[in-house]
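As structure tokens, the structure follows; a few thoughts come after it.
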Amino acid sequence: MIELLEASLLLTGTAFMLVAALGVIRLPDLLTRMHATTKAATLGITLIMLGVALHFGQATVVARALGVVIFVMLTAPVAAHVIGRAGYFVGTRLWSGTLKDELRPHYDPLTHRLHSGLEEDEEGGRRPRGDG
Amino acid sequence: MEAVLAVTIGILFAAAIYMLLRRSIVKLVIGLILLSNAANLLIFVTAGLERGAPPLVPRGMAAPAWAVADPLPQALVLTAIVISFGVLSFAVVLVRRAWELVRTDDLDHLQDTDR
Amino acid sequence: MQLAVLAGFVVAGLTPWLHRVAGARTPLLLALLPAAIVGWLLQHWSLLAGGGALMLEQAWVPALDITLTFRLDGLAWLFACLIAAIGVLVLVYTGGYLRGHPDLPRFLAVLMAFMMSMLGLVLADNLVALFVFWELTSLTSYLLIGFRHTDPLARQAALQGLLVTAGGGLALLVGFVLLAEAGGSWSLAELASRGEAIRGHVLYLPLLVAILIGAFTKSAQFPFHFWLPNAMVAPTPVSAYLHSATMVKAGIYLLARLHPALSGTSAWTLGLALIGGVTLLLGAVMALRQTNLKLMLAYSTVMALGTMTLLLGIGTRAALAACLVFLLAHAFYKGALFLVAGILDVMTGTLDVTAMGGLRRLLPWTALTAAVAALSLAGLPPMLGFVAKEALFGALLEAGGTGWVAVVAVTLAAGLTLSVAAIVAIRPFLGPLRDPPRRPRGTPPALLVGPALLAALSLLTGVAPGLFDELVTVTLAGLGASGEALHLVPWHGVGGPLALSLAGLVLGVAVFLRWESVRARLVDVLAPLVARGPEVWHSTLGWRTLQLAHWQTRILQNGHLRTYLVTILMAWLGLVGHALLVRHGSLSWPGSAWQAHELVVAALMAAGALTACMVRSRLAAVAALGSMGFSIALTFVLFSAPDLAITQLLVETLTVVLLALVLFRLPHFTVLSTPLQRWRDLGVAALVGALITTLMLAVLGGERLPSVSHYMVANGQPLGHGHNLVNVILVDFRALDTLGEVFVLALAAVGVYAMLCFRAEEAGHG
Amino acid sequence: MVKSGTLILGVAAQLLLPLQLMFSVFLLLRGHDAPGGGFIAGLVAAGGFALYLFAHGRRAMHSLLKVAPRDLIGLGLLLGVLSTLPAWWRGQPFFTAQWWDLPLGITLSTPLLFDMGVYLVVLGALLTAITALVEIDQADDSR
Amino acid sequence: MTPVLSICLLALTAGLGLALVRLVRGPSLPDRVVALELFSTMVVGIIGIVAIAAEDVLLLDVAIVMALMGFMATIGFARFVERGGQGDD
Amino acid sequence: MSPLALPVLIPLFAGSLSLLAWRWRPAQRGIAVVGTAGLLVAALWLLVEVERDGIRVLQVGDWPAPFGISLVADLLGAIMVVITGLIGLAVALYSLATTGRGHEAFGYFPLMHLLLGGVAGAFLTGDIFNLYVWFEVMLVASFALLTLGSEKAQMEGAIKYVTLNLLSSVTFLVAVGLLYGLVGTLNMAHIAQRLATLDSGLVDVLALMFMVAFGIKAAAFPLFFWLPASYHTPPVAVSALFAGLLTKVGVYALFRVFTLLFPHHPGYTHEILLWGAALTMLTGVMGAMVQFEFRRILSFHIVSQIGYMLLGLALFTPLAVLGGLFYIVHHIIVKANLFLISGIVHRLRGSYRLERLGGLYRTHPWLAVLFLIPALSLAGMPPLSGFFAKFIVIRAGLEAGAYGVTAVALLVGLLTLFSMVKIWAEVFWKAAPEEQDRASAPGQGELWLMALPAAGLALCTLLIGLQAGPLYALVEASAEQLLAPERYIEAVLGVEGRP
Amino acid sequence: MIGAFWNLLLGLAWMVLSGDFSGTNLLAGLGFAYLALAILQPQVPALAGYAQRLPRILAFLGFFLRQLLLANLKVAYDIVTPPWYMRPGVIAMPLAARSDFEIALVANLISLTPGTLSLDVSDDRRVLYIHAMFLDDEPALRRSLAELERRTLALFH
């Protein structure tokens, strides 16, 4: 039973990882690819580590596996944010199917200032709106 | 597996040498990095490979009960990795400084000291 | 005696200080040393006259058979006396000649050093010691010839002399080593007694050739003669000293010294006689071509040296005796004439004979001195030169056989020399007074005393040559030509020699009378020969060597890093590949299991590396390197090396960070090389890779000895108190490696910091 | 050029640095018994500081570190060299490991001291290099 | 080694290959960086599987370090991109 | 207490301290002198012990050989360490006068100490991998020193220097890896023991790998390119240090490896070395002939002189090996000194280019004398140290019947003389050119501080020449040790020769 | 609050990593963690005061993991099937969170939630720009994002 659970955890984890890899190949632009790597891979690692914890069944291993998961979860979004932001700001092209971009109008490429669009709130009360 | 890795290492060396022979300084650095990686791996592989037996003594025992991987080449490679890391960091910065002073990426423009 | 010579060197070194104290009296004070040596030598003559020799033992480098032992026998005594005595005169003369010259102290220092080197040379019994002094004379004479060092010509002449004599010196060194091997000893005295063994040795011919080259270069024999006339740019005392009694005679001394050991073979006779004969003719002819007094004298020196070599080659007792007498005569008259030339130079400001005339009225004593010395040079009675020439002709006639060629040559040369003597002694002094650049007034005594004494000696010993009977006899015995006591007489009476002398006289007078036209003819005729002569060979050789050097340096050190790399790699491929082919037999494929994912990882590694090579973007290459590094780490994980894997991962990560930080400033990749170059590089790279793989397979598939690490595995925990064997090795078993490793890191960091921030600081200032 | 060091990265660095530092000490101390050791630990710590540097800038990192990274190198080297000497004092060849059992079950040893020296050197060396690079980068930008 | 593990390992290493393809193809530097980031994450997973296969807990330590430090490469690249080093990279 | 570890530890300790003192100049300068003097004293002590008691061995960490790392001092090692100390002290003193504030503030002295430490470690280690580590310490220190000052020429030279030296390091490392794979040990004595029992052609292959690796370090033909490209670029004290020591570590390694590990097939390996030696001599001297820059001439001459040392090793007779060793000692002293003197000239006239120099014979006669001694010694003129060095090698060559290569050696001697005389004529004899480089007048104390080490080294040259006996006896004993590797093996592994 | 949270977390991490669950080891871990945080304290204003909110944390974790799994499946499905169902876009999300830490935590959690990726926070920290993969129902997405933020902030108040 445990073995079966372990095997399925490992295989599912692997499958998610593969999906992430596939996504990185298939998805059309940088930001969508990053969705694949950040999430699918994190989930894949989590599942595999659960399998590992289950396999050894010792507290130390559980702790280690948990450590791996926590660390990945701590670092993956940060990395994604940093590179995604950098990629976006230096003008990586978005997929043609992208519906909207509310950021672009608020970004001043000369001063590198990123406005919230709420600055006028105090005076005019406009909500931030963007139209890709 | 050793034989397969021997071929791989040969490819690594070839790649490294090819990069060293480019005229671009940046490629030179990449060649150097490839070269030291290849050499480290060579030591590791030439000493013999062992699967699933890290050179760790289990808790409460005086020596591993089974054959473990040879720890000595591992220590050597570790030292070699560290050394090449130091050396290569230096080389990388050197290239940056050189470019700053000479303003060319072309090694063929760096002949003043030989002439 | 060693002490005296060494003291001489010390004194030489102290001369500048001495000069500060003693001022103009320095030369006289310095002359005390050679004078004392002359005294010492005279005092020991009685010992030698009995047929003995004085050995002064002194160790130096015993393990190398090098001693500083001095051996005083007849030959050494003769030379030492000449060196020291003429040395005294030259020192005195220098005091006048270079009075007030700013470089006088240095000149005296070098002159003293030279004198002591000559003394050491003729006194040393050990081959190596002799060689040491030999080279020292080359060196000190270099400094002397280049005395007027701001003049490029002086520097060039000095260099030429040095290269020729030092080059010959190297040949001499080879000759000496071979001689010692053939003779089984480094002692000249012992070698003299082992002539048979040496002449029969397989190395005889090479060692003879080597030694002859050494001697000939020093003694300005054809084809090495040219440096001597060029060396006339030196101050006159130097010319007088080096070319009358010392430097150039060193070669003659050496030939005489080795006569017992080496002579008696046809190679010796032929070599010496031939070269000597050519040289003497050449010297005589070339002398007539000159108008410069010193150059005429220089070529006549060449002629004299050739004569002595010829005599040594003939090697009969009479020839040897003639050689010794000739040597003495030449030392006297040539010393005197050079010094006279110096006087004329100082007094008139020129050395061109055609520009001088009638000086006897202004410089009567000088004229007299010149006349006496020139008589001796001309070989006319009652001078020692005449005695020498008679002996010379006598020896030649006695030798007979093919000696007649020599007889003709020598007679011809004697005639020409006579005209040279006439030109030197008559043209400047007789005839109508011409206007030289400077109008001379009375000669200072310091200048005149030397030449006058030497001229007087020529006359005195010419009248009473018997003074030298004992000396020559004893010396001959030392040369292995012992026999009954020799008697030198001022007049031999009428005979073959006199007839030849007369023939020479007639020729000489004829040439003298028609010198201007003869000279013009000679200049014309010889010009093409001179233009193709040994001096040109020498300069061509030097030039060609320089050209070759330029060429090879341009090819090798061409500034292209990649050709350096290719050269080194090809050398590596060639050497290691050759060894693998020749020394190592068959290769066997080390068979062991593999798993699919391992293959994939290996492929990823290779793919990462190849990607790094092929992508157009720098950062893509860095990323590819990163993927390769991670694959390597994975390999470490797969094959039980967790520490390595962690290290590799971290290092790889930080390398990428570093590269990203650095490459930012650097230019983009550009394709700079041609397709052909790329293919060539690919070929080299592929060969290297293939050889590495082959080497690994050879090691993996062959006999392998067990690793010493079993000890560490067994004792890492019990003795090293650690469960991680790799770490125990790193911090305990091989902690010294790790210590070095952290120093590498520290150094790299300091280097990086200095490289980057040194500039920042400058920028801050500027 | 985009301004570097965002709010998100800054907070992440603040949270990750203590974690990484602690983890590095952990790797250092248990390196003798499990994968780890001074070098690895030093790299982890250096990575943490580098992250902090990128997120908050050089000044913040320096005020955090208190000492110049360069001095860490010297200190580490000195510690490494000095750890070889106690053996001499006991008449053994230099570098012979010395083990002292202290109260509270703590064991101190020269290999550990040595590893700490390695740790400091690695940390110092990397930080020296990285701060120098960043500094120069900024100097270049300001020109 | 059980078939499950073999399959997992092969699949994951194949995934690495896919990531490498994206790394090679780019087209922009951030794309490559994302691929490298995925590469390192997958390595963590692979190490987990290998730990099971080798029955060695301590191999997980490698995974922990990788999980904690692997993203530093991305941070470095991002800094590069942010500071203007884009172009063809 | 054994002094065996001191020559390694003292510089490392001094370097660490100096690094901590960083910008505190007086302390750095003090440590520089005390540290290098300490190194010299420790080295002399070691030499005395080795001469008295034979080969000394220290098992680092008290691990029995071949399991730990052994430090081994035979006569060769001890002699080399003494020379290291000597050159170190001379350069340290000289540096006090010449090193600018900028250099001192950026780690000049720590780097110098650590370079010396690396060199000493290389000379004393008995472990092949440890040798690699010390090589790297030395190398990275030299990288840092070479680039200190960050001038354009330095960077250009350094790129070649770094690349080619790294190639050498990798070659070395690969050779060590293959060697370990073959014999499973790293202790050199143990390797020697095991190689002797191994009947494999791979031994020769590995020998050639090491030959190439060390040949690059030693700047032998055709592997020397990095040296002339870089040695004239750093501050002159650094040049002197490099010129004296660095290539000689490569030569030392060749001597060590080809007497201890691979002495079995001299007909193959040493024959190759012989060719290398001849070509090295020729190519170096020809390179020097065409140069007109003081330090470049000297740099090319390093290459050519390396050839003589290799010739000694290649001939492989007792006298030849002895000659090679004598040559090494002589050369280190003389070549370092010539660089120091070139620095004095530069300080006085502001240039290294011969055409911009001149007139120093008249203005600075003491400097002329100071130059002549090492210059003539380098050219092998008697009775200076170089004469005996060359004489022994040439005698050995002739006795071994290697006439061709001996002829080359002689010719190269003549051409060396030509080069030295060229410098002499241009720098000292020639009248000073009208247009000169600007150079501030040096202070009297500064000049003294520069001249003192140069004079000291010149005195050594003179003494070795005039009293060649003691040094001869020393290197003779050393050559004997080298040619009897079993004594080394026995000293390291014990009499019965552990596993 | 944050300080103590990290202190405890670090201490526990120490204990579990070293595999030694004795009290002294926990103490040591807390000590090391304390030291590490002490170094950091001057830099982080947020490190001040904390309360036990373990139950809320656990509930939040459950919520979060469920989100993670479900949305991942959606993305996976889109990747493995040939046509693209996704409707990506960048939206601006007004932030209720105020402290740096809160903003960062919200942003990172949003990044971990499939379908959304935090790009950047505006300079005045009032808006978080998010790249979303499925914008077919934007109001629903905004609602769920707001819910996530609310639950996250509830952990600290």
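Note that the chains take the letters A, B, C, D, E, F and G in the order they are written out, and that residue 1 is the start of every chain.
The working rule: a residue touches a chain if its C-beta (ideal position, glycine included) is under 8 Å from a C-beta of that chain, and two chains touch if they have at least 3 such contacts.
Because the structure is predicted, anything quoted here is derived from the model rather than measured.
Contacts with subunit C and subunit G are shared by D.
A count of contacting C-beta pairs for B-C and for A-E identifies B-C as the more extensively joined pair. The most distant chain from subunit B is C, comparing centres defined as mean Cα coordinates.
Here the chain at the heart of the shown protein, by mean C-alpha position, is F.
Separation between the centroids of subunit E and subunit G, computed from CA atoms only, is 23 Å. Chain centres here are Cα averages; for subunit E and subunit F they lie 47 Å apart. Averaged C-alpha coordinates put the centre of subunit B at 20 Å from the centre of subunit E. With touch defined as above, residues shared between interfaces to two or more other chains in subunit E number as follows: 12, 14, 16, 19, 29, 33, 35, 54, 58-59, 61-62, 64-65, 68-70, 72, 75-77, 79, 81-84. Touching two or more other chains at once are residues 12, 15, 19, 60-61, 129, 133, 136, 140, 143-144, 147, 150, 159-160, 163, 167, 174, 178, 180-181, 186, 228-229 of subunit F.
Subunit D has residues 1-3, 6, 8-9, 12, 15-16, 19, 23, 34-36, 39-40, 43-44, 47, 50, 70, 73, 77, 80-81, 84, 95, 97, 125, 129, 133, 137 in contact with two or more other chains.
The set of touching chain pairs reads A-D, A-E, A-G, B-C, B-D, B-E, B-F, C-D, C-E, C-F, D-E, D-F, D-G, using the touch definition from the header.
Interface of subunit B with subunit F (complex): residues 20, 25, 28, 32, 35-36, 39-40, 42-43, 46-48, 72-73, 76, 79-80, 83, 86-87, 90-91, 94-95, 97-98, 101-102, 107, 110-114. Subunit D contributes residues 70-71, 73-75, 77-78, 80-81, 84, 87-88, 92-97 to its touches with subunit F in the complex. The touching residues of subunit G, counted against subunit A in their complex, run 13, 16-17, 19, 21, 68-69, 71-72, 75-76, 79-80, 84, 86-92, 94, 107-109, 111-115, 117-127, 129, 131, 133, 135.
Considering their complex, residues 34-35, 39, 125, 129, 133 of subunit D touch subunit B. Interface of subunit E with subunit C (complex): residues 1, 6, 9-10, 12-14, 16-17, 19-20, 23-24, 26, 29, 32-33, 35-36, 39-40, 43, 46-47, 50, 54, 58-59, 61-62, 65-66, 69-70, 72-73, 75-77, 79-80, 83-85, 87-89.
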